[in-house]
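In the two complexes that follow, chain A is the common piece, with chain B as its partner first and chain C second.
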Partner chain A sequence: MLDRIKSILKDPADLTMETMDNGYTRMELCFFPSMCDLKEIKDGILIPFSYRFDPDEFRRMLNSDLCFIEAGKPEEWGNMLLKGCALLEYEGKVFCYAAIRKMQDKPADTEVEASLQGPQSAFTEDLDLNTYLLRLRYNSPTLQAEKLEKGELSNTRIMIFYDRNLVDEPSLEELRKKLKNIEMKLVQASGQLGMYMGGSRFSMFPITLKTERPDRIAQLIQRGKVALLVDGSRFAIALPVRFFDFMHAMDDDYEPFWMGRLIIAFRYIGMLLSMTLPSLYISISSYNPEFFRVQLAFSVDGSRAAVPYPSFIEVFIMLFMIEALIEASIRLPRFVGSTAATVGGLILGQAAQQAGLVSSIMIIVTSVVAISNFVIPNSSFSYSIRAMKYIFVVASIFYGMVGVIITMFLVVVYLCNLRSFGQPYLSLFKQGEEQRRARRGAESS
Partner chain B sequence: MRKIGLLIAIFALLSGCGIKDIDKRFFVVTTGIDWTGNPEKPYRVSLRLAITSSKLESGSSKTEIISTDAASLAEGVRHLKSYVDKELDFGHCRTFIMGKQLLEHGNLNAMSWFARRRDIQRVANFAVGEPDALSILRVQPISERYPGNALFLTFNREGTESPYIVSIPLFDFTRRHFEMGLDPVLPIIRTAESTYIVDRVLLLDKNNMRLALDPAETQLYNMTANRIDKSELVMPARGRDGRIVMTVSQIRTKIRISHAEVPQITMTVKLRGMLEESPPNQLGENWKEIERQLGQQFSDRMEALLEKIRDAGVDPYGFGLHYLATYFGGKEDFKHWQSVYPNVKFKVVAEVKVTGPGVVR
Partner chain C sequence: MNRYFYYHIFYVGMMNIMLFIPHILIQERFGGAVSGLLTAMAVGTALSWITTSCFERFPGMGAPEIMKKYLPYWMASVVLSASTAILISGGVLALYSFTRTMSIFFNPDMNDYVFLALVAFASVCAGSRSSRSVQFTLEILIVVISPLAFILLYKSLTDSSVNWDAMRVVAGYVRKRPTFESVAAATFLYSGHMNIALFNRLHPKGFKIRHKWLIPLICCFFAFFSFFIPIGFHGTMAVDQYVFLWSVTSDSMQMQYGFVQRVLFTFLILFCVLSLMFTMITFHGAMEFIKSLRPRHLPQTEQWPVPKINWILCGLFGILSFFYTAWANEYRNQWAVMVWLECRFIMEILTALIMLTLVLAARKGWRRNASSGGSAAWGK
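Here is the complex of A and B:
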């Protein structure tokens, strides 16, 4: 066996290949120490083979223990080793022992989608643990799982989960078709997969939902969606999704009804503000000042008196600053992160206005835009809104108020046109239908 | 990519030249139009311009007044643009004042300039300046926080809510000017030192002024025509010193016009309110009697006012329009109405309800 492996893997330095002799008989053992749990190898193979050796028992163990799988095909050996299995040849038969090193053994804490009073556990970067988390929350015999591998070089394991009574069949078919067509060398993150899979890398809005919360995935599966778990990524993908799913935080379901609705309403207002406020500032202060109340018009007029550039340049200056600040605080290491916020806050808040570079109203506009963008619960959706804002700004530079209104209309048209795995993106009444289907599913099962 | 670039280039070409930053605009806060008496250039157009600052304090408002004589309003305003360094913007001009002499000589049809301009808001208020518009513009109220605010607050009921103030926005003024059976009215602004006094109303026919009401009549007109509450009913207390004053908190008016040869107009007015002032010991007595007396007094005064208005030949209440609307009137009916209007009879029924004596017991 060892010669065969040598010919496949060309004897890498981190591969251990041993021929072991315990005095009675010999065994060939081969594994990657870095990828295997050494303690398991010791407990599972070395101890029974060395000082507890009993030929009958050892043979029985190899044949009946669930951890040992007979590996008859030599061409699979390389992949098995690379997945973290140990291979052993005993009495002419080759066995594979799954002693994969696990980095995580407990669920992670939510980091991106924090919840105040909901569950605090999140998916990890280990697929098996993620499967456990999902099965734990969706403990039903109807939960169906499919397994596949993607990526020529990464050989990433992917699991597809859905409830077989509730799932939307056409979407599932489309997903399978799209997965089949994907040819990637490396699958590193679920987002990457989601992007390729959507067939819409240039879409302005995300059409698959990424989440790190097992409770959200369980809820989506219950609503007939399909979930994809990717090994090595702590984000699961759910599809098909609608516009409104992105504005939903799990806390909405855990808080009293009316408070939840109120917060959702604020979230939509925040989204609209974050998208349109800079463009409204341009169009009102450069095209239609009669839109303001007279007090505000006069104070904008007064505060803009020192500003040398037209309003859209002012807007671009401030928007660039705030985007740079947000980007910097995401990428910076935690230790220096607060420095960026302090420096940025000082510059944005005071100095820019005192230097006469921007008006004081613009500072308020900028901060409202930034803060209300953070209100959006889903980060990929909030990226979309951040980008949409610039389309509005450009429209308002050329056409003023009319431009903003027409762009808004165009955005709605675009959203109506968008499809997420065959389902309309902006369908208002899908949810009711899903709930009816869920009820039907519960009755039939 | 090339297509997108081309599209952007086309969009850029399409844009108009409308972009003008707010700090490059001069906001007109009050416009005044006077009669010069010169037949060549009959109109004197005066604009009160706001000088803005980012700090707003009481009395900090600064304005600039520019004025020119012209043959028409449009020419005057265009000429005035050459007096200033920024673009004139009428978007926040919410008060237009016409000199009294203009209404005596001028032709209201020439005023269509207001209704045609896109940037003049339809909610801008119209008024008459006494003695002329320019002198009203020159007043600088001490309390004014930002330019032109005092007149905005006076007319749009955001600030003071006086029963003497009649507000006529542009849309209403135009409607009254063109509508059959409804005539324009205008509040009269007078000045006293550094404040405005607005307590009278001027009734016009389609072209000229006809009748100016005194403050008490103005209040009555405003109560019945515009249902302005926060007004008052007053009468001397019978047999005692002092007066009985009732504040009206709710007022309902209903007009019915009979279909007789000479129609009779019945106006039913329902008033509710509390006694704000009354002689001592009055409260224990019969309120019904007070209500009856107040109502009687109100309807007597109202009938006198309506007859006065009728005799002046104007119809600010829109009785004519009401008549046409009730009886499917056409042009013939309107002619008939015009011929009989000087003879119509008025009956005012006042139902007064006193809800209480206020918070005293």
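Here is the complex of A and C:
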């Protein structure tokens, strides 16, 4: 066996290959110490083989213990070793012992999608633990799992979960078809997979939902969606999704009904403001000052008195500042992060206005845009909204207020035209159908 | 599914304002306008009931499929081309009026063509989508703009400067004989049901439009509202001075609280979206009709990604609107709108008659080519 492995893997320095002799018989053992749990190898193989050795018992253990799988095909050995298994040859048979080193053994804390009073546990970067988390929350015999591997070089394990009574069959079919067509070298993150899968690399809005919350995935599965868990990624993918799913935070379901609805309404207002406010500012100050009541139009114009250039340049300056600030505070290490916020806050605050670079109304506009963008619970969706506002800005530069309205119309058209795995992305009252399906499933099971 | 049908009724009912119908009717306010409105109520309701009940017998089939199945090919294509022409010209007329309104009240300095480029682009984009997407868009937009419509409604009904007596005076001319023009103009309000000719494709088997009594109710309300409120604001005489009657009327109101003072802007935003919706649906309908002129065309309500032919056809309609803008001015446009309204009225009657005949023919089991398989899908 060892020669064969040598010919496959070319004897890398971090591979241990031993022929062991306990005085009675010999065994060949081979594994990557960096990928295996050494304690388990010791407990599971070395102790029974060395000072507790009993040939009968050892043979029985190899044949009946669940951890030992007979590996008859030499061409699979390389992959098994790379997954973190130990291979051993005893009496002419090769066995594979899964002693995979686990980095995580408890659920992570939510970081991106924090919840005030909901569950605080999040998915980890370990697929098996994630499966446990999901099974724990969706403890039903109807939860179906499928396993596959993607990525030529990374060989990433992927699990597909869905409820077989509730799942939307056409979407599942389309997912399978799309997964089959994916050819990637490295699958590193679930987002990457989601992007390739949807054929949506150039779409303006995400058509798969990434989440780190097991409770959200459980809820989505209950509504007939499919979930994908990718090994090595904290985020699960859910599909098909709809526009409204992105505006929904798990807390909405854990708080009293009307409070939740109110917060959702605020979120939509925030989204609209974040998208349109800079462009409205341009159109009000440069095209249609008569749109607002006279006093307001005067105060907008008055605050612009010191600004020497047209409003859109002002908007671009401030938007660039705020985007740079947001980007910097995401990428910077935590120790330096607070510095960025302070410095940026100073610039965006008083200084820029006092220097006559921007008007004070524009500072309000910028902060409203930034703050209300953070109201959106899903980060990939809030990226989309962040990008969308530039389209509005460009339209308002050339067309003023009408440009903003027509762009809004076009955005609605685009959203309605979008399909997430065959399901309409934006359509009202689809939720009702989903719930009906969920009820039907509950009755039949 | 029922609600989708009523969205069409709603937006066409409101759209009359953009196509100068209040203006046309008000020209005859001492003549046949009021009686024309009443006649249109009867005629429009009858037409919409006949047409919708006929289409209900062919679930999942649009007008092109039905006609191609039961009529000789040349006849079907003539009827379809005529409806296509009506649809395209409706869209182009709406685009022109919209451009004019916006350039007068919103961006007076802007070049008409530059503005038309944006609007035409938006309509082409929207119209070239699949039928299902168009329907979703319609629903979302109706929901989004309905608050604006309610504001406008509320403001104009509660404004203290509305002179109800002026309306009563005009309403007194009910005994005059209605003219063809006024009836043709007023029936436009009821022609939302014509969209079923295409969107019937989306209706599942066994689909029935419920609450049909709502159609005359909704349309009548819009008709009287858009005809009488301007009279209340401007008086019986001054009201015929304005071509963009409703823009001026809404500018007579003001909102005391909030950012925006002039109701005009509420009105303009509302009709900006409505006009885009109208052009979207007319362009889309025309595109689908032209596509189905091909003898072996298979109608598809869901296509993703959008095929190239959609872009090309809708792009052509967009270019057509440029030509029309180059030719038209306010007077020519008035004339064109009037001609269009009359043609549309005649076409509507024709469609209802043809559909009625086809339903009777289908009941007898008569078909153009019985060998092509499949049974007539009417009724159960």
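Just so it is clear, the second predicted complex is superposed on the first by the 445 of 445 C-alpha atoms of A that agree within 3 Å, B and C clash if a C-alpha of one lies under 4 Å from a C-alpha of the other, contacts with A are read in each partner's own complex, and residues count from 1 in each chain.
As a working rule, contacts are C-beta pairs under 8 Å (C-beta built on N, C-alpha and C of every residue); 3 or more make two chains touch, one makes a residue touch a chain.
Quantities reported herein were computed from a predicted structural model and do not represent experimental measurements.
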{"item": "Chain B versus chain C as contact partner of A:E290, first or second or both or neither", "value": "both"}
{"item": "First (chain B), second (chain C), both or neither touched by A:A387", "value": "neither"}
{"item": "Chain B versus chain C as contact partner of A:G400, first or second or both or neither", "value": "both"}
{"item": "Contacts of A:V307 with chain B and chain C, given as first, second, both or neither", "value": "first"}
{"item": "Which superposed partner A:V412 touches (first chain B, second chain C, both, neither)", "value": "second"}
{"item": "Contacts of A:L272 with chain B and chain C, given as first, second, both or neither", "value": "neither"}
{"item": "Partner chain in contact with A:S299 - chain B first, chain C second, else both or neither", "value": "first"}
{"item": "Partner chain in contact with A:V343 - chain B first, chain C second, else both or neither", "value": "neither"}
{"item": "Contacts of A:A355 with chain B and chain C, given as first, second, both or neither", "value": "neither"}
{"item": "Chain A positions touched by chain B in one structure and by chain C in the second", "value": "287-288, 290, 294, 398-400"}
{"item": "Touch list for chain A against partner chain C, complex", "value": "287-288, 290-294, 296, 395, 398-403, 405-406, 409-410, 412-413, 415-417, 419, 424, 426-428"}
{"item": "Complex contacts: residues of chain B adjacent to chain A", "value": "11-12, 14-15, 18-23, 25, 27, 29, 50, 52-56, 89, 91-92, 94, 119, 121, 146-149, 152"}
{"item": "Residues of chain A that touch chain B when the two form their complex", "value": "285-290, 294-295, 297-305, 307, 310-311, 360, 397-400"}
{"item": "Residues of chain C that touch chain A when the two form their complex", "value": "102, 106-107, 110, 114-115, 118-119, 122, 125-126, 129-130, 132-134, 136-137, 139-141, 143-144, 258-262, 265, 269, 272-273, 276, 280, 304, 306"}
